[in-house]
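Shared between the two complexes below is chain A, which pairs with chain B and chain C, respectively.
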Partner chain A sequence: MRRETPQRLADYGPLFFPAMMLIVFFVVPFATMIAVSFFQRQQGGFYVPAFELSNYQRFLSLFFANVLGFSLMLAIAVAICCVVLAIPFTYLLTRMARKVQIIWLVALLSVLSLSEVIIGFAWSTLFSRTAGITNLLVMAGLMSEAKALLPSFGAVLTGMVYQAFPYTVLVLYPALVRLDPTLTEAARTLGASPIKAFFTVVVPALRNTITATLIMVFIFALGSYLLPQLLGRPQHWTLSVLITDQAIYQSNMPFAAAMAVFLVLVTLGLVALTVIAGRKGEAA
Partner chain B sequence: MTEFLKQNIGRRAVLGAGLAGVSMLAMPSILRAQDKSLKVGVYGGYFKDSFDKNIFPEFTKATGIAIEAVAEPTGEAWLVQLEQAAKAGQAPADVSMMSQVSMLKGQATDLWAPLDVAKIKNASNLIDRFVNKYPDGRIAGIGAVSWYITLVTNTDVYKEAPTSWEAFWDPANVDKLGLLALVSNSFLLEVTAKTFFGGTNALDTEEGIEKAFTKLAEVKPNVRLWYRDEAQFEQALKSGEIPMGQYYHDVTGLAAADGNPVRSTFPKEGGIQDSGCWALSRASQKVEEAHIFIDYMSQPSIQAILSRKVGTSPTVKRELTDLTAEEFAAVSSDIEPIIPRYDLYQTKSDWLNQKWTELIVG
Partner chain C sequence: MTSALSKVYFFLIGLFMALPMIVVAGVSVNAKQTLAFPPKGFSLSWYGEIFLNPEWRNALLASLTLAILSAALAVAIALPLAWFLWRRIAPWANIFQLLGVAPFTLPPVITALGLLTFWATTGFYGQPWTAVVSHAIFFVTLPLVTLSLGFTAIDRSLVEAAATMGADDKTIFRTVVLPLILPYIVSGYAFAFVLSLNEYIVAYMTVGFIMETLPIKIFNALRYGYTPTMASVTILFVVTAAVIFSLVARFGDLPKLLGAMSSDDT
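This part shows the complex of A and B:
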C-alpha cells in the first residue's frame, strides 16, 4: 500500500466519520461540562447560566487537595502494581503453547465482562469476617480467629488491581509477542541468567510500551468510584466519589463539573510530564 | 443493489412498502395514545415489585387507566433527571414518589405542577404534615407513604435490643456500625439533637448545628461502613459482619420475617420518620389521570393495604384505617417520631454537605 500525504479535501474523507463521532460524543459533552463549571449554583435548586469562579474557589482548599492527592496516589499505586505484576505474567504467557495462551486470554477477557459492582461485592465477601478468606486460614491453623480485612486501603487496592489487570495484560501482550526472541538468546549466550536477561534486555526494550501502559492504567484507575466506596473507609474515597455525591445526591452540577474539569487538567498535566520525561530519557 | 431494484421491483412498490412499514411501526404508539395510561415512578426493587403486584392492577381494574411503572433511583438522582427532562418538555414519569428534600428542591424551580384538591377528595384523610405546599399555598405533593428509619441490630450479636440512639456513641461498639453516608438521608444531625440536645429545635442556629456535628464526630470510631447502597448494609447486618446501625424499619421487618437474625427497634427518642409524596411533573400531559391516581392512593383502605403488603406507615389518619393495633405496631410506633429538618437541607444544603463530608472523610 502506498502512503502519501493527503492532497485534496476528499483524501481526508475517511477521517470525517471518526472526527464527527469524537465531536458529538466527546468534544460537545466536555465543552458543556466546562461551561457548566462556571454556572451559578442555586442552593436548594439547580443552576443558572452565569460566569463565576466560585465553584473553582470552593475546590481550592486543603480538604479537597488531600482528596485529590489521595486519588492520584491511589491511581499511581494501582498502575505500578498492575504493571509490575503483568510484565512477568505476560512475558511467561507469550512463551507458552498457543492453546494455553488462548485459554489464559479468554479467562482474562471474561474478567472484563464483570461489572465493577460484582467485583466490589465479590471482594467484600472474600474479605469479610463471616465468610472471607481468613476463615480458610483459620481452618488451616494459620490464624487463631477470622477477621475482617475490609474496609481498608489494601482491600481497595486489591479490588482495583484486579479490575485493571486484564487491561494491562492485553495492552502488553502484542508488544511482548512481537519481541524478538533472539535478543534474550543473545543475552543468554553472553552469559546472563534468565532473570538478568529479563531485566537488562526485555524490560528496557519495552520501555515505551511500559510507559504507555502505566499511563493507561493510571487514567483507568482515576475514574474508579465504586470500589473505594465498597471496600474502603471514607478516607479512601477518591475525588470521583465526591464528584458523584455532588452531581447525583446534591444536584450541584456546577461544583461537580468544576471538580471534574480540575481532575482532567491535573491528569493531562501528569501525562504530559511523563511523556516529556520519557523523551528526555531517550535523548540522553 | 441498484441492479436488483431495477430488475424486479418498481419505484412505487418500494415507496409503498416503505410507507406501509413506517405506518406499521408507528401503529403501536397510536394505539397506545388512545388508551388511558399513566407513567408512575416508584423506588426500584422491592418497592416497585410490591406496587406492581398489590396496587397497580387493582387501580387499573377500578379506573381503566393503565399504569406503566418506572423504577426510579433513590436519592436525588431522579429529581435531576426529571428536572433536565422537564426543561426539554419531557416527562420520564408523570407522577413520581419523591422524598421531602427532593420536593423542596423541585419547588425551587416550579418542577411540580400544582395539584387541585377539589379533584382529590380523599386528600382530607391525610395527616396535615403529609401535604406538601409551595410557600404561596399551592399544593406541590400529596403524601404517598411514610416510613421509619430505626435502630437495627443483629440478634445473634446483640441478645438484648438497645433502647436508645445513645448506643451509637457507646465505646463498646467500636467498628460495629453501619450508617447512611449522606447528611440529607441519614438524618443523624436530628438524631443527635433529639438524643443529646433536647430536640431538633437545637439545630435552628449554626452554633447549634456545629455542636451537633461535634457530638456526632464522636461516633466516627464506631462506624465501620458509611453506606449509600442499601444492599451493602443489609447483607452485612444479616450476616453479623456489621451488627448494628440505622436502617429502614419495613425492610428489616421483612428480613426478620424471612428468618434472618435481625431486629428493628424504635429507640425511646423515637424513630426517624421520612415520607414520600406523589408529585406531578410540570411537563406531564396526564393531569386528569394523575389526579385520579393520587385520589385513589389516598383512600384509607389503600393505605391499609400498603401497610400490610409493603410495610409502610399510613399517611392518612390512623383512625380512618382498619389496621389492628398489632398491624399498626408492625409499621409504626406510638413513640413521638423524629421528624427531619427538611428546611435545613434546602437553605443550608451546601454548608451542611461540606461540613458533613469533612466530618466523615477528614
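This part shows the complex of A and C:
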C-alpha cells in the first residue's frame, strides 16, 4: 500500500487518541508550568494567579549566577569526559562479534535504566568510609586507613560520568556501526598505525556526530537532579537540584517553575548556538 | 588500536560499570544491619525482607503496577501514532512525533514539574492513576522510537499485495502489519516498563506524598536511615533489567533496535 494523504475525516481517526493524550498531558502541563512561573506565592505553599516578574528577578543575583555557571560547567565536564571515553570504546565495540556486542549492549542498557536514586546510593556506598573502595586499598596495603571520599566534586563528577557513559555509547553506536570499514582499511594499507588511523580517519569523519553527541550528553547531564545532592556539598548543587528543592521542600512552585522555564530556554539556546556554529564550520 | 590495549581498555570500562554493583551486592549480604564492605558474615535475609516486610512489599507492588500499566498506556499512545505516520502523508502530523520525543529529551525535572503543576491545578493531585498517565507520557518516546523503526522495516509490497487482494485497512493491519510489528511492540513495552520501574522524580512529584514506589522508598531510606534492604532491592533491579534486556536481545535484534543495520546485511 502506498502512502496516501488522508482523504476522509475518518482517516484521521488513529491520530485522535495519541494527539489528545500528548496535548492534554504534555502541552497543557508545559503551558501550566509557564503560567505558574508568573504566579504569586502565598504562605503555606499555595499560589494565586497573577502576573509577576519577581520570580524571574531572583535570577539577577550572584548566588543564582554561581549555580547556573556551576551547572553548565559540570554538564560540559561530564559531556567531554563521556565522549572522550566513549568514542574509542564504541568504535572498538562495533568491530566486535555480534554476540559480544549484544552482551555489552545489555549491560549498558541495564546501567542506563538504573534510577538516579540507585546510582547515587551505589556510589555513596562505594565512596563511604565503612564500605568503600578505600577498604580494598587498605586490604591491598596501599593505604593505611579507610576514609570517605565524599562529599566532593570528584564524587559528583564520577557519579554523573557513570550515569551518562552508557547513554553516550548508545548515542554514538548507530553512527559508528555504519562507519565504512574500508576507510580505516585504506589508512592501514597506506601504512598508518591503528591508533593513527583512528585519530586521522575515524575521528575527523565523525566530526558532526561528535558535536551532536556532546550536545545530547550535555542536556542529559543538565537533567541530573539527585547525584549532586547525594554525592556533593551544597555548592555543588545544580539548577535541576535547586528546582526539585524549591518545588518539594520549599513549596515555592512559582519560583521552581520560573527556574524550569529558564532551564528550558538555556538548553534550547545552547543547542541552537551549537547548531549554528556547526553550520558555519561546515560552510567555511 | 592493538588488541592487548583494547582488552585492557574494555576491562577498565567494564570494571567502572560493574564496581558500584559489586560493592552493593557485597553490602546486601551483610549478616547484620551494617553498611560494611567486604561483608561481615553472610545472609540472604535482606532479599527476603523485600517480600516479607510489608513496607517494602507494598513499594514493590506499587512499582510493578505502575510500570505494567504505564508501559501499556505508552504503547497504546505510540502505536496508532507511529502507524498513522507510516501509512499517511501528512507532514504536519510530524509535530506529534516531536511532542512524543520531547518529554524524554528535556531534563526530567521539567516534565515532572509541568505534570505536578498540571495535576495540582486540575485538582487530581495525589490520585494514583495520575502517576500512570504521567509515566506513560514521560516514556512514550521509547515505544514511539522502536515502533517507527519497526514500521520502516516493513516491506510495503507485502501490504500492497494484501490491498490488491481486496483486504481493507483493518484486515491488513490485523493480518499483515501487526505480526510484523509485534517484536517492536514488545521491545518498546519492555524499555518503557524497565524505565518506569526505576523512575523517581516524576513519580515523586505526582504521588510521592501518597504512596511509595521502590525508588521513592530507597530515597526515603537513604535520608532517614540505612538498611541493607536498599542494597538487595538495587541488585534485584539490576538483575531484572538485565534479564528483560537479554530477553529482548534473545527474541529480537537488539543491535538493530539500537540503530545498527539488521544482522542479514552485515
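Here is the rule we go by: the second predicted complex is superposed on the first by the 255 of 284 C-alpha atoms of A that agree within 3 Å, B and C clash if a C-alpha of one lies under 4 Å from a C-alpha of the other, contacts with A are read in each partner's own complex, and residues count from 1 in each chain.
Methods note: a contact is a pair of C-beta atoms (placed from the backbone, for glycine too) under 8 Å apart; a residue touches a chain by one contact, two chains touch by 3 or more.
As the structure is a prediction and not an experimental result, all values here were calculated from the model.
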### Query
Overlaying the two complexes on chain A, which is it for chain B and chain C: clash or fit?
clash
### Task
Have a look at where A:Ala131 lands relative to chain B and chain C in the superposition and call it first, second, both or neither.
both
### Query
Touching A:Gln42 in the superposition: chain B (first), chain C (second), both, neither?
first
### Query
Which partner does A:Trp237 contact after superposing on A: first (chain B), second (chain C), both, neither?
first
### Task
Pick one for A:Ile248: touches chain B only (first), chain C only (second), both, or neither.
both
### Query
Does the superposition put A:Gly223 against chain B (first), chain C (second), both, or neither?
second
### Message
With both complexes overlaid on chain A, does A:Arg8 touch chain B (first), chain C (second), both or neither?
### Response
neither
### Message
Once the two complexes are aligned on chain A, which partner has more residues of chain A within touching range, chain B or chain C?
### Response
C
#### Entry: Overlapping contact positions on chain A, where the chain C interface meets the chain B interface
121, 124, 128, 130-131, 230, 247-248, 253
### Query
Where on chain A does chain C make contact in their complex?
1-6, 11, 14-15, 17-19, 21-23, 25-30, 32-33, 36, 85, 88-89, 92, 94, 98, 101-102, 105-111, 113-126, 128, 130-133, 135, 139, 162, 165-166, 170, 173-174, 177-178, 194-195, 198, 219, 222-223, 225-226, 230, 240, 243-244, 247-248, 253, 256-257, 260, 263-264, 267
## Note on the structure
Note: in the complex, chain C contacts chain A through residues 1-2, 6, 9-10, 13-14, 16-17, 19-21, 23-24, 26-27, 34-38, 76-78, 80-81, 83-84, 86-90, 93, 96, 99-100, 102-103, 105-111, 113-118, 120-121, 133-134, 136-137, 140, 156, 159-160, 162-163, 172, 194-195, 198-201, 204-205, 208, 215-216, 218-219, 222, 230-231, 234, 237-238, 241-242, 245-246, 249, 254-255, 258-261, 263, 266
### Message
For the complex, give me every residue of chain A touching chain B.
### Response
41-46, 58, 63, 67, 121, 124, 128-131, 148, 151, 229-230, 234-235, 237, 242, 245, 247-253
### Task
Would you mind writing out the residues of chain B in touch with chain A in their complex?
75-77, 79-80, 83, 104-105, 108-109, 181-182, 184-185, 224-226, 228-229, 232, 236, 239-241, 345-350, 353-354, 357-358, 360-362
